[in-house]
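Shared between the two complexes below is chain A, which has chain B as its partner in the first and chain C in the second.
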Partner chain A sequence: MKHPIRHAVMIVVSVLMLLPFYWVIRTAITNDNIYAYPPHLLPRDPHPYNFVDVWYLIPFPRYLLNSVVVSVITVIGNLVLNAVAAYALTLPFVGRRAVLLLLLSCMLIPFQATIIPAYLITARLGLLNSYLGLALPMLSTIICIFIFKSAFESVPRSLIDAARIDGLGEWRIIARVLLPLSRPAIATNVVLAFIWSWNSFMWPLIITRDATMQTLPLGLARFLSYMEDTTGALYAFVVMVLAPGILVFLMAQSAFIRGLTAGATKG
Partner chain B sequence: MTPSALLRPLPPGEGRGEGDTARPSPNPLPKGEGFLGRRRTRQSALIACFLLPSLAIFVLYRILPLFWNVVLSFQSWSPTRPAHFVGWDNYQDLWSYDDVFWQALTNTAIWIAAAPIAIILALAIALLVNSDLRGAAVYRTIVFLSYPLMTVAVGIIWRWMYDERGGLINWALRSAHLIDKPLGFLGSFDLALPSVLLTDIWQVIGFYMIVLLTGLQSIPPHLYEAARVDGVPAWARFLRITLPLLRPSLFLCAVIGLLNSFTSFDLVYIMTNGGPGHATELLITYIYKLGFGQTRFDAAAAVTVVQFLLLLVLTFLANRAAGGNAGAIEH
Partner chain C sequence: MTWWRSRWVVVPTLLVLIVLGWNAYVWTHDGGRIEGTVIDARGHPVPGAEVILYARSFLTNDERARTQTDGSGHFRFAGNASHALQLQAQAPGLGRSDRITLRLLFAGEDTKLRRPLRLGAAS
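Let's turn to the complex of A and B:
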């Protein structure tokens, strides 16, 4: 093996990064008193009861449904709105520079810095405690518009002109010419929109009022405040909530990283 | 094929980039008249339709809130009475009477000051993973894995890691005979902030690493070869080639670190909710408590303005340190 020291360092780093995952999975499948000291490093007689408990202790299916609905709305919204906005930005029009400037300055405003007025605005729109209200602020994302824009710009002009001469309207140019040639950008959009919406906590915390509209992260927080850290079911819940995010990330890692770094290098 | 398609005045995309709005139109007809003009008006309408939904969302949820925050911070607001202008009162209250505000401001400053430590660690990992190391992709995935995870779940995982009886950290420290009694990390006034910070670093370090890796990979290898031929030692190659060319990436990491003081709300809320006392209170958790705990939207808006200004100034300074145009976009 070349570079034994580098490998040794990276193995130590990897173990440190992975240990918390191991510890929570171990606790989730352990049956006995989770407070036993000294703790067993390996799970003794592992079992799935904690995962079953989650379905009975909390309205897990309801949280899951809400999370899925909000994520689906967000992903579809991002695909459609970002694609058409990006296409418009590849065309020449009066005020194009002003629009670009507006988008870039919006990128510097963190969403958390807008919560008080954003709550008041959503309240005036009558969208508190609704799926649309949960998804609306995330329905279009500036980073993703720029990812689509650079993908569209790399499609040869001649192809678009040929499509236009053949009489295709702008909608069809997007749907039939540009999008099929921008698969990586689509993947990036889907992955980023899904992960952002799936993980989102502060916004749902502010605008949902009752358990029937709450998403999984809120379910977790609620479970934590009811039970404190006293039951293995809490950690089973954590594992169940993390699994989809980890799966999506591992399947689409390159799309995710490309999106984040593209967004980062765009300022 | 219709002749109109061939006569189309301005192929889209040809005038891309700067100055396309100022360029004189090749269309001899006045705007809006005749067939060509009509086609153009139609296209403008379409562009507007394409841009409008996204722009509406950004105006509604970014621009408008920014200004509303400023207005609100100069008003006295309550859900029952109409708002009225009170000048600097909200800021004066924060400055003179609000100890929690000062504590939160200090903690936020510590939070931001810890970012360079994480960035240096991430740079070390990025340098290790960037070399011709076998299995570098696996290491990269492992280090990055914690970043896209739900922060609420990460907070719960780490509460458990820090637990006095069931936690791995206390067990490890006790087994190594470094401590006699278990430490209540998250319940201690001294240890709570560093403990939550450590979790935050664990989660974001992978993102810093990825940004720095992208920067490292964009450095042309022939620079290193030329330096090696000239007999420049490794440390000098790092100082003279790597670091200067990595400036834009380091600037981005700094910006991410600054924004992190806003986005860490989830983690602090779950792990300590600002406690014990206000030992881990950040400005953003205080904004939430003022706004949605005490319904003092005016005071919350004032704190938001303070934090936003702090970020703007620090971003400006980081940009200056990185050479002035590190954040330049659109080439």
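Let's turn to the complex of A and C:
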């Protein structure tokens, strides 16, 4: 090991960052209160019944289905719309710089500031209380457009020209040439879109009208209002909400990091 | 690397297999049967004892069914649809048992009590 002190510090920091997750999991598989004193580092009498309680005491399968459907729509929407938008931004056209500036400046506006117009548009489209309505504001995100844009710009221009000479149209250039060469950008889009959609709370809270359309974060808030305590079942629910996002991130982690740093250097 | 060895194929496939396996297990074990034995303070089986089944609603345990033990002190409930139960036995002259909590891995899981309900244990 070249840098033992550096590694030791990194291990300590990692442990400190993972400790809250460990504590949530430990509480989820025991009957201990999260604030119990003295705390027990190792779980005593671990059991899976808190997860069973969550599954049956609230309509968890329904919340899970809703979250999965909305996240899948969001991920597909992001991949398609962001790729198309990013490709357009790599092409020369009048006002391209203005469009880029507009998009960049829009990133400064917090979602809460646009939530009323977003709601009105969704209502006009008749999409309130629907899966498409739940996914609508996240179908395309500016940061992901720029991730695709930088990935597409790193593809040699000659390759695109060759594809065009071979008779490929613009859609097929995106699908057959650019996307297969931009896997890290795809992974980054998938992870970010999935996690943003999965964790979204405010938008589903506003546009859902009945409990059957609620997603997991809303279910968690509802469960918390029923189970006003700090014991196992609540944390079992937290684990069940967190697990898919963590799994997707772990699966895509290496490509995700490559995607974030792609285009950082040129040449 | 071949496409089927990709983690994007392996992990979802494993998850699907686990879910299918678990559902197959649930499907074959969800008869809602609960069986056990009632004994007296000296450990002898008690025929004709009444056993009460409580099922957990959100925060309370409500009585759902009653049955009687047979000649060898065994009892059996069928059609349980809950995942969190309590059981208590009682017999005239022998008192009551403790109300024991029974937690199941899924609603309606077939189960046998590991320890008998002992009458006279409840204060």
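Basically, the second predicted complex is superposed on the first by the 224 of 267 C-alpha atoms of A that agree within 3 Å, B and C clash if a C-alpha of one lies under 4 Å from a C-alpha of the other, contacts with A are read in each partner's own complex, and residues count from 1 in each chain.
Everything below uses one rule, namely that a residue touches a chain if its C-beta (ideal position, glycine included) is under 8 Å from a C-beta of that chain, and two chains touch if they have at least 3 such contacts.
These numbers come from a predicted model, not from an experiment.
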Which partner reaches more residues of chain A (counting touched residues only), chain B or chain C: B
Touched partner set for A:Arg97, first chain B, second chain C, both or neither: first
Touching partner for A:Gln112 - first (chain B), second (chain C), both, neither: first
First (chain B), second (chain C), both or neither touched by A:Leu247: second
Which superposed partner A:Tyr226 touches (first chain B, second chain C, both, neither): second
Touching partner for A:Leu57 - first (chain B), second (chain C), both, neither: second
Overlapping contact positions on chain A, where the chain C interface meets the chain B interface: none
Contact footprint of chain B on chain A as seen in their complex: 1-3, 6-7, 9-10, 13-14, 17-21, 23-24, 27, 34-39, 81-82, 84-85, 87-97, 99-100, 102-104, 106, 108-121, 136-137, 139-140, 142, 145, 153, 157, 160-161, 164-165, 167, 170, 195, 198-199, 201-202, 205-206, 216-217, 220-221, 224, 229, 234-235, 238, 241-242, 245-246, 249-250, 253, 256-257, 260-261, 264-267
For the chain A and chain C complex, residues of the former touching the latter: 47-49, 52-53, 55-57, 226, 247, 251
Residues of chain C defined as touching chain A within the complex: 7-8, 11, 58, 83-84, 103-107
List of chain B residues in touch with chain A within their complex: 1-2, 5-6, 8, 10-16, 18, 20-21, 43-44, 46-47, 49-51, 53-55, 57-58, 60-66, 68-69, 72, 125, 128-129, 131-135, 139, 141-146, 148-153, 156-161, 163, 165-166, 168, 171, 175, 202, 206-207, 210-211, 214, 248, 252, 256, 259, 262-263, 265-266, 269-270, 284, 287-288, 291-292, 297, 300-301, 304, 307-308, 311-312, 315, 327-330
